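Quick heads-up: structures coming right below.
Presented sequentially are two complexes of chain A, the first with chain B as partner and the second with chain C.
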Partner chain A sequence: MTLAPSSDQLTVDASRGRRSRRGGGKPAGRASARSPIGYVFVSPYALLTIAFGIVPSLYAVLLAFTNADGGFAGFDNFTKVIDDFRFWPAVFHVTIYLVIWLLGLVVFVVGLALMVHAIGVRWVSTTLRFVYYLPGALAGASSILLWLFVLDPTASPVSGLLSAMGFDSFVQVIQPGNLPAIFAIIAFWTGAGGWIIIMYGALNNISTEVIEAARIDGANAVQIALRIQLPMLRKWVAYMGVMSLAAGTQLFVEPQLLSQASNAVVPNDYSLNQLAYQYAFQQNDFNGAAAISLILLVVALLLSWVFVTRGGLFEKE
Partner chain B sequence: MVGIHTGVRSRRRASTVAVMGVATALLALAGCGGGGSSANGKYGFPEAKQEASSTITVWVDADRQAAAQAFQKANPDTKIKVVTYDGSANGSNSFRTKMQLFDRAGNGWPDVVFSSQNNDAAWASQKNGGKQAFAAVLDKGLVPKETLSNFTKGSLDPCTVDGRVYCLRNDLAQAVLWYNKPLLEQFGYALPTTWEEYQALGEKVAKEHPGYIIGTAGDAWTPEVFMWASKCQANDVTGPKSVTVKTDSTECKRAASMLDALRRNGTVPVVSVFTPEFLKKYSGKVLMMPGPAWYAGAIFRNPESLDVPAGQLGVAAPLTWKGESEAVTGNVGGGTWFISSHSKNLKAAENFVQFVTTADEYQVDAAPGYPAYAPAAEKWIAKQEASKYYATSLQPVVTAASRVWAGWGYPTFSQEAIWAKTMTPGVTGGKSIVDLLPTWRTAIENQAKVNGYVVN
Partner chain C sequence: MAALSAERRRSSLSGWSGRSIIGVLLVVFVLFFAVPIVWLLLAVTKSSKTLVVAHPFSPGSWSAFVANWHQLFDFQDGAVTTWIGNSALYAIGALVITLLVSIPAGYALALTEFKLRQALLVLTLVVMLIPSTALVLPIFLELNSVGLIGSPLSVILPMSFFPFGVYLTYIYFSTSIPRDILAAARIDGCNGFQVFTRVALPLAAPIVALVAFFSFVQNWNNFFLPFVMLPSSDGYPIQVGLTSLLAATPAFNPSSAGSDSVQLPTLALGTIVSILPVLIVFLFSQRFLVAGMTAGGTKE
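Up next, the complex of A and B:
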């Protein structure tokens, strides 16, 4: 679920950044326009994006503004889904989840990356990075299946901890109030490792001269972290925010699997994506489903815009 | 999504958008195209052009593969293609989802489908967005009247919409009272015959043998075992798109307060029978348990569940409420077979469905559940009794089969899911079921309305 780019991507992005700086403000696309091989490399991606990204999105727009018979429906589908008794609870659930998860992600990922980066012993640092990354290897649905056991006090390897928190049964653990935190923990566990590695890479990119200068000026490790490293990580934090936001608003697999595993105690319309799924495949209302998808898209784009502008993601240094 | 390159010249962008627009329109048109023949066939629905020798595609779940194999063995000349899917188990809705996509594509429907959900006829019998209903009408000549009349009384209710039959029932899931005979005798208790006696027994057990249980109320089908058997009118489907929801009746309240009392004293815990917690806490501690017929194989006679040894498990007929002459009971599942109205070989499809629901080769010899077809059910019961596993006669299972209360219907939405998400967290959080009855009503009404039902 969590989209963490690989460290290869990071290297490519970083080198692209360096090249454009060296280019002294020339348009970055110039070079590729001269060599046709660039188009060959890009074309499979472009074709697949058009076929499976853009065309379906446009089809969703078409569906959202038409009715079941294909006639123009204006904003009827939107008012219908917004009036649905399940809509606002789903918005609320996703919002709470996003707040908990994004805050947790930023604080812990940055904190852990700074900590690992500060460790001088090479093998300790390497081992820690490997350990952080490990849970991410168990991706998607399989990690949630694992969590089904972790969350059941009668089968959990941490049943003592669950009992100490007052949970004696699975149903008590998955009470509605606990779900945003549970989903946030699952998402953090599976996705944060990748981000820690990326932040570590970004920290490596900070020039040693800058750190050295700060140290000579008398800054201690905490001051260096807060005054030098954190501000210089801003873009990467914003990048993580945008990517995680896009993934987070699409919360689906966790509640869906937990719903089936709990015999529907966790509702199958918990998140907006699940509600869209219910519209499409339970109520046979593809138009309503498309309307929810568009609302999600617009909200995610708006929030991403905030991250991009506040984080200075596309600013040139 | 992020990362989409935006620096494209506007003229190029315009042409790209135009191409996409055309592609989208073509896709939309393709989606709207197709559909079946519009002529009304002799069986009461528009038929596709029949091809007597064509292969029929049959969708079954893993358990029903045995049914398809039995058919192939008995009918080697009929060409069938067997596709295994999840059977819409655990509310996955795969059946409905896939058919809706085929409806949009205008082709691809299988000829026969097995579903483990009872409420599929509610949607499969109805036109979808102007498209022909998926399920073929079976009682207008496609399936012989004699076959239909041999199904257990009331067993085709989930298949019947607006007076017409749209599917055949594979097996029944009538609720009965399972109990541990030697344990009951050892404790010196009499078998209850009314729900009031059942509650009194629970209060005794709580005092005299704490830790033992007389049922559970932690599964999604709790309302189907207890509320349905009490004639609680929470789910009375009165028409294809109308439902009566009343949860404030005496019938609802008496069952709710009984469950509250027994839950409080620990004899009917809010624990699902399919959890590790249930096995850990209650293995060897189940004195009795009202529940569907399939509990016998799935829970009691299952080495991975309670694993009750032979000679202990007894069964009693459903309980009555004081002052009522005849007991009624609820129903928890039971599979159904559908024939597609789009089938190009209705004869072969009908042969298949009739075989798997009625023939001894499957229903008696291989089927794990109580057959809906009464003549097969008799033989199935005789076979079960011959195994000498049960401590009592299985006749109460037969009695209960025709006592399923008809006032609880089969709408397109799931009552189990509503109970699970509305009541289970509330009850686990310490609220009483009686207090939650209005919440339950509102939840059912809301769900019914978004599914297009008029609520009375």
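Up next, the complex of A and C:
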């Protein structure tokens, strides 16, 4: 899970960027201006940024446009991976998963945050937030393993529920059609709590006078939630969207472990990232892998950009 | 509107029917989030037979727990211990570098002026939006070309690059530190470095802790990076080691019914062991964490 900077902070940042763009002058109060210490302090970070941010990105671009011998290949690598019979199914899988997950995330996180926030009894609300947040400690392979148990009717704590839904064996549960929903549930289980806490904080930020005024005007609780609290959460929902979407396109560990645990009932090229991995390590085709990585990177950045501009993430209110 | 005026505390839906719907929903989600964890804690106290036969939420026995414990730590001559050691090495190594690098960088970005400052800030924001897994394969290729694959550095160095930590620090120093204090220190004769170590750093203790927490949790739970960088089981962190355990579990991989096979409760114990450090850090820092995450939520 990644945590969000507060809306105040985003605003500060945006206004600063705007000011320097407009005025060109340096922001006031930067006391130790022109001291060489700035360079000393940022250079290790700048080095890491170059080594693990810029160089790999450029290297991926280089590889994606060259062939195995290092010659220029134009778009050959891209046409090759796109023509691969596994490519479009992987795109399809990841897309369906993203749609289910993002919808669920927005609806339930916002809904739960509003409901928890409406609770007047302090210890109840604190306890709820803690319980919702706890699964966040399990991430990566650990959470997938736990969910393998939950989804296996022989051992599952909810085997009654599973058989009521008509699932009697693990293989039945992990039918291809169920996988996007299963991955979405696992991701929601681990990640939602952190976002609920962030939304709760944002709700606290809405001044009580505004809520009180609406109440005096005759708005009921549902109207207040929909007309006042929800619009004021917009920026946060957009931020959650960016982070989750960008991360979701990279689906890897979930299908990888499920594939291993199901004796390849779940294919090991289910997601795009897995396909890139297959290219690199099974087919020794790093150029093809780089092409897929680049497609993923561009898609993640494009989608983020749409969310950032549409959601008004860096706007001043 | 008598019900409304009677409600002094904020309460969402008025009327008991609305409240009970909300109550039911909240409880359903409590079950959703908590049941798997509770079950997991109980599962490790059962034998593989009672796990299937007994009620899912019945407690097992101490002896079964001890047996599971031995099976787990005897697996491949103590591989689990090696993996946990590796995890600790990678997570803490990267954490230390992250702190040494991020805190001064965030400070300099917020409070000093230098060429390319704006560029570095924008770059930080962009890299923050790139999912870390998207760069794993390119980083593999890069490190492969310098011959670092398989060495601990191949995971520690990429994990040390933590733009989010720099951003957090930058935000903290540009909003929460009164510049007068820093100016006063300078007048009192501190040089730039001393202003940072003696004045700014002690004030920034909460943000250092927050960056450390996020870095540690992220490093410990990282799967894809070590999965790609470390070819040998001796170098696995526990998260990748779990796949070896899974592969040796006949319930999920029938072809593995050999001498070194792992039973379901042992796999469950492996899962708990793999998250124990993170869980402990979580529980101890819960209060402070929530405060940190909602820092924007309280206005002074």
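By our rule, the second predicted complex is superposed on the first by the 270 of 317 C-alpha atoms of A that agree within 3 Å, B and C clash if a C-alpha of one lies under 4 Å from a C-alpha of the other, contacts with A are read in each partner's own complex, and residues count from 1 in each chain.
Following the convention adopted for this analysis, a contact is a pair of C-beta atoms (placed from the backbone, for glycine too) under 8 Å apart; a residue touches a chain by one contact, two chains touch by 3 or more.
Values in this document were obtained by computation on a predicted structure and should not be read as measured data.
K.L.:
Quick check for you: in the superposed arrangement, does A:V306 touch first (chain B), second (chain C), both or neither?
P.N.:
Once the two structures are laid over each other on A, A:V306 reaches no partner at all.
K.L.:
Would you check which partner chain A:Q283 touches, where first means chain B only, second means chain C only, and both and neither mean what they say?
P.N.:
Touch partner of A:Q283: chain B, not chain C.
K.L.:
Between chain C and chain B, which one touches more residues of chain A when both complexes sit on the common chain A?
P.N.:
Of chain B and chain C, the partner in contact with more residues of chain A is C.
K.L.:
I'd like to know which partner A:S169 touches here: chain B for first, chain C for second, both or neither.
P.N.:
first
K.L.:
Could you look at A:Y59 and tell me whether it touches chain B, chain C, both or neither (first, second, both, neither)?
P.N.:
Both partners.
K.L.:
Considering only the touch criterion stated at the top, classify A:G201 as touching first (chain B), second (chain C), both, or neither.
P.N.:
In the superposition, A:G201 contacts chain C only.
K.L.:
Of the two partner chains, chain B (first) and chain C (second), which one does A:T154 touch, if any: first, second, both, or neither?
P.N.:
The answer is both, since A:T154 touches chain B and chain C.
K.L.:
When the two structures are overlaid on chain A, which partner does A:F85 contact: first (chain B), second (chain C), both, or neither?
P.N.:
first
K.L.:
Is A:F130 touching the first partner chain B, the second partner chain C, both, or neither of them?
P.N.:
The answer is second: A:F130 touches chain C but not chain B.
K.L.:
According to the stated criteria, A:V266 is in contact with first (chain B), second (chain C), both, or neither; which is it?
P.N.:
Only chain B; A:V266 stays clear of chain C.
K.L.:
Which chain A residues come up in both lists, the one for chain B and the one for chain C?
P.N.:
Chain A residues touching both partners: 29, 49, 53-55, 59, 152, 154-155, 170, 242-243, 246, 260, 262-263, 280-281, 286, 304, 308.
K.L.:
In their shared complex, at which residues does chain A touch chain B?
P.N.:
Interface residues on the chain A side: 27, 29, 49-50, 53-55, 58-59, 62, 68-70, 84-86, 152-155, 169-172, 175-176, 242-243, 246, 260, 262-268, 280-284, 286, 304, 308.
K.L.:
Quick check on the complex: what are the chain B residues that touch chain A?
P.N.:
Going by the criterion above, the answer is residues 1-2, 4, 7, 20-21, 23-24, 27-28, 32, 90-93, 96-97, 100, 104, 123, 128-130, 218-220, 270-272, 274-277, 280, 412-414, 416-417, 420-421, 424-425, 428-429, 446, 450-452.
K.L.:
Which of the residues in chain A come into contact with chain C in the complex?
P.N.:
So the residues of chain A in touch with chain C come to 2-9, 12-13, 16-17, 20, 26, 29-35, 37-42, 44-46, 48-49, 51-57, 59-60, 63, 108, 111-112, 114-121, 128-142, 145-150, 152, 154-159, 170, 189, 193-194, 197-198, 200-205, 211, 215, 220-222, 225, 242-243, 246-247, 249-250, 252-253, 257, 260-263, 273, 276-277, 280-281, 286, 289-290, 293, 296-297, 300-301, 304, 308.
K.L.:
Hey, which residues of chain C end up touching chain A in the complex?
P.N.:
Result: residues 4, 7, 9-14, 18, 22, 25-26, 29-30, 32-40, 43, 51-52, 56-57, 100-102, 104-105, 107-109, 111-114, 117-118, 120, 123-124, 126-127, 129-131, 133-135, 137-142, 157-158, 160-161, 163-164, 166-168, 171, 174-175, 179, 182-183, 186, 192-193, 195-196, 214, 217, 221-224, 228, 239-240, 242-243, 246-247, 249, 251-255, 264, 267-268, 270-271, 274-275, 278-279, 282, 286, 290, 292-299 of chain C touch chain A.
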